[in-house]
Amino acid sequence: MSWSKVEIAQRAAKEIEPGSIVNLGIGLPTLVADHLPADSGVWLQSENGILGMGPFPYEGDEDPQIINAGKQTVTIVPGGACFDSATSFAMIRGGHVDLSILGTMQVAANGDIANWSIPGGRTMGIGGAMDLAAGSKRILVLTSHQTKKGKAKLVHRCNFPLTARGVVSRIITELGVFDPKGEGFSIVELAEGVSEEEAREKTGAPIV
Amino acid sequence: MTKVYQSVEDAISEIRDGARIMVGGFGLCGNAEALIAAVAESGVKDLTLISNNAGNLGKGLAAWLRADIVRKIFCTYVGNNEDLHKKMADGSVDVTILPQGTFVERMRAAGAGIPAFFTPTGVGTVVADGKEIREFDGREYVMERALHADFALIRARKVDPAGNIRFYRTARNFSPIMAMAAKMAIVETDELVGLGEIDPDDVHLPGAFIQRVVHVPEHEDTIEYRTVRTRSEVQS
Amino acid sequence: MTKVYQSVEDAISEIRDGARIMVGGFGLCGNAEALIAAVAESGVKDLTLISNNAGNLGKGLAAWLRADIVRKIFCTYVGNNEDLHKKMADGSVDVTILPQGTFVERMRAAGAGIPAFFTPTGVGTVVADGKEIREFDGREYVMERALHADFALIRARKVDPAGNIRFYRTARNFSPIMAMAAKMAIVETDELVGLGEIDPDDVHLPGAFIQRVVHVPEHEDTIEYRTVRTRSEVQS
Amino acid sequence: MSWSKVEIAQRAAKEIEPGSIVNLGIGLPTLVADHLPADSGVWLQSENGILGMGPFPYEGDEDPQIINAGKQTVTIVPGGACFDSATSFAMIRGGHVDLSILGTMQVAANGDIANWSIPGGRTMGIGGAMDLAAGSKRILVLTSHQTKKGKAKLVHRCNFPLTARGVVSRIITELGVFDPKGEGFSIVELAEGVSEEEAREKTGAPIV
């Protein structure tokens, strides 16, 4: 039994300090928003210019000029603020975002992350990924443990184009919670029913 | 002395073949729709386009790509912009993809008289290839240069005849910075108000950074990804 | 999660001997009067002060100079600040005078994660002595480094419990930039409002840059140079 | 007959293009504000954060939080805007101020200006002087032709600490209007009754 996507998001929510400023990447990280404790006082940052991003609008309340960095219609919570992109990336690059939760294609035992381009694949672009990875105080990665074809995403060293070097502090997958430790990954926690052996088999670097 | 022009055609009259043009908007959000359309129809060509997304869903700046008037693009994200994918694949447009923070900071530098700066973003990646790397206080940074333009085409919610601007929500994005970075910033505004109607503390971008204003009350404002929650979802 | 502290003493409780402190205000305009006074009375010493003027007319930060709690100052203008002239003359405070644009851009860089940048300001002057000079596109520029601080003490017109700020007129000056550049930004506000009372588009500085808020309704607001015109002057 | 201070200010006002953005330094340049044509559409910039600075307030209307860079109480005209110091100096350094009118201690034939420090004198500080001199599109200097002790202020090369190199495009004094031309100054215009000989005698560099 490994964790579902919702369970990964729930586990990730536990990594968030009350009152902190958090940027959620596209995909799996977006789910974390639904699992923040109501009284946590967490502020979601969207790099297109929102601090205090709220849930999707009710049907009929969509405003084409209130979107998140994935260009989805969203809302702004009371106490939220809008600002230009230079201010937004000053916030990110200047270390004022406490935590960024990112998806990835590869993450390495040395903390490197590669989440913007697959060699030979269609170029999707960089967007805010490199700034978030380089500038946030802490980087948490949520990802499936392997690709759909069964290749390890937790690797010794990335061979996909890097997003940033040595920035990832923790990774949560369906198998558990892992920390990059240089030459391998340490196991912080395993999902119920997942054996260390299974984690070891599916990881592209030593479990240390 | 008013900066107000009576038509979008008049407002863009100085744009020539080969111009470098910054266009505000995050995808289709906050697009200067009328100015973008007017440039496409004006017959200018060989443009360098500086824009986060260069259109999407066949809309906005996609019109420039379809009209083959863009020779070079600086952007940060391609995503599902099929028009841009097509141009990249056939090699007819030279596309440079930048990290978004570096993209906007390079424009901010241009507007602020800063020719170059160092950033941690992109160190150890292809973005830093061929650029100077320098260590400050034990961390490596890459030197990035100011990114200038001849024109900026932006959208605002409210503007006065001096060019003082109020933006609305996330339609603000790159627009004020692009206005600062361009020699001529042209703004298309939902609402045109009188001098003094915007309180000095409510101005998002002072008129010093704006050269031309045109009033365009109606906009299409396409939503790229409509995401909603149902009321029952919450009531349950 | 509120950032609101009930007293100025509580708000400054983390300031220790040897701290680097940025203080907002252009001269006495926009001073965090209560925070400045509280630091003077707190007994901390050996401070590094980063402020445009370091007080004037014996008021504001002049209290810190008179209390001998400042060891080093970064400022841009001394003018008629006799307290500062005295400290410079007797050598008891190490004073570095910077061009004002460089002063604020160095703080902006610190807040924005930029370790260094190039500026045309000061090239060929004593300001550039010992600093790297580099040519870009045929003009010389000097490299300046980010200017960081442990604390920023600023004044606002209106703040909410999340630390979102509205400033008033020229009392804004360096304050938002200092808040960005400091590890802990403490704001003293004329008015404390509820969450949501400031529209997202009306926020001058988002709460991400503010750590502590204290409500101080009354201020002295000394005018340094009162200049007026008489009504008759105009009517004639 | 040389020009009065008011005549210098009036002559300087003629250098201002309609609709331009102008920063006026402390002292003599401040007087120029009173001589702008009513319909000129000129916007006065004050580096502490105003575009659209107006005249001094009426008695009783002074606001301690509305001051100019000389820390004098001022007003803001309709259409004026307030902003932070980083934006203000982005405006200045980025070339968005069309003209700065500065006072000076020395100005040289090569366009150098020295207006912030006299060797051996009391240090007053730099303030916005170096940024205005380095960043404005055009620099106009208003000054007495000589010091109170009769020493030339228009010199071949400055020996006071520089504010900026090679930036001054025109100088107006009580004797007339002069342009720096490298090794000397050219005469653009002489005040009524001032001879070229007098100008030559009182200038510390050749008249070319």
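Order of writing sets the chain letters: A, B, C and D. Residues in each chain are counted from 1.
We adopt the following convention: a contact is a pair of C-beta atoms (placed from the backbone, for glycine too) under 8 Å apart; a residue touches a chain by one contact, two chains touch by 3 or more.
If you're wondering where the values come from, they're calculated on a predicted model, not measured in any experiment.
Asks: How many Å are there between the centre of subunit B and the centre of subunit C, using C-alpha atoms for each centre?
Replies: 32
Asks: Averaged over CA atoms, how far is the centre of subunit C from the centre of subunit D? Could you give it in whole Å?
Replies: It comes to 27 Å between the two C-alpha centres.
Asks: Express in whole angstrom the distance between the two chain centres, defined as the mean CA positions of subunit A and subunit D.
Replies: 54
Asks: So which stretches of subunit A touch two or more other chains?
Replies: 50, 76, 82-83, 89, 92-93, 135
Asks: On subunit B, where are the residues touching two or more other chains?
Replies: Expected reply: 105, 108, 112-114, 119-120, 167-169, 172, 200-201, 204.
Asks: What topology does the chain contact graph adopt: line, ring, star, complete, or other?
Replies: Graph shape here is other: it fits none of the named patterns.
Asks: Throw together a list of every chain pair that touches.
Replies: A-B, A-C, B-C, B-D, C-D
Asks: Provide the residue numbers of subunit C that touch subunit A in the complex, in ascending order.
Replies: The touching residues are 1, 108, 110-114, 160-162, 164, 180, 195-196, 198, 200-201, 203, 206-209.
Asks: Under the touch definition given earlier, write down the residues of subunit C that touch subunit D in their complex.
Replies: The contact residues of subunit C facing subunit D are 26-30, 56, 75-79, 85, 88, 97-102, 104-105, 107-108, 119-127, 167-177, 204, 221-231.
Asks: Hey, which residues of subunit D end up touching subunit B in the complex?
Replies: Interface residues on subunit D, with respect to subunit B: 18-19, 21, 40-41, 43, 45, 50-52, 76, 78-83, 87, 89-97, 135.
Asks: Subunit B touches which residues of subunit A in the complex?
Replies: Listed in rising order, the residues are 46-50, 55-67, 69-74, 76, 82-86, 89, 92-93, 112, 122-131, 134-135, 161-165.
Asks: Within their complex, state which residues of subunit B touch subunit C.
Replies: Spelled out, the residues of subunit B in touch with subunit C are 105, 109, 112-120, 134, 136-137, 139, 141, 145, 166-169, 172, 200-202, 204.
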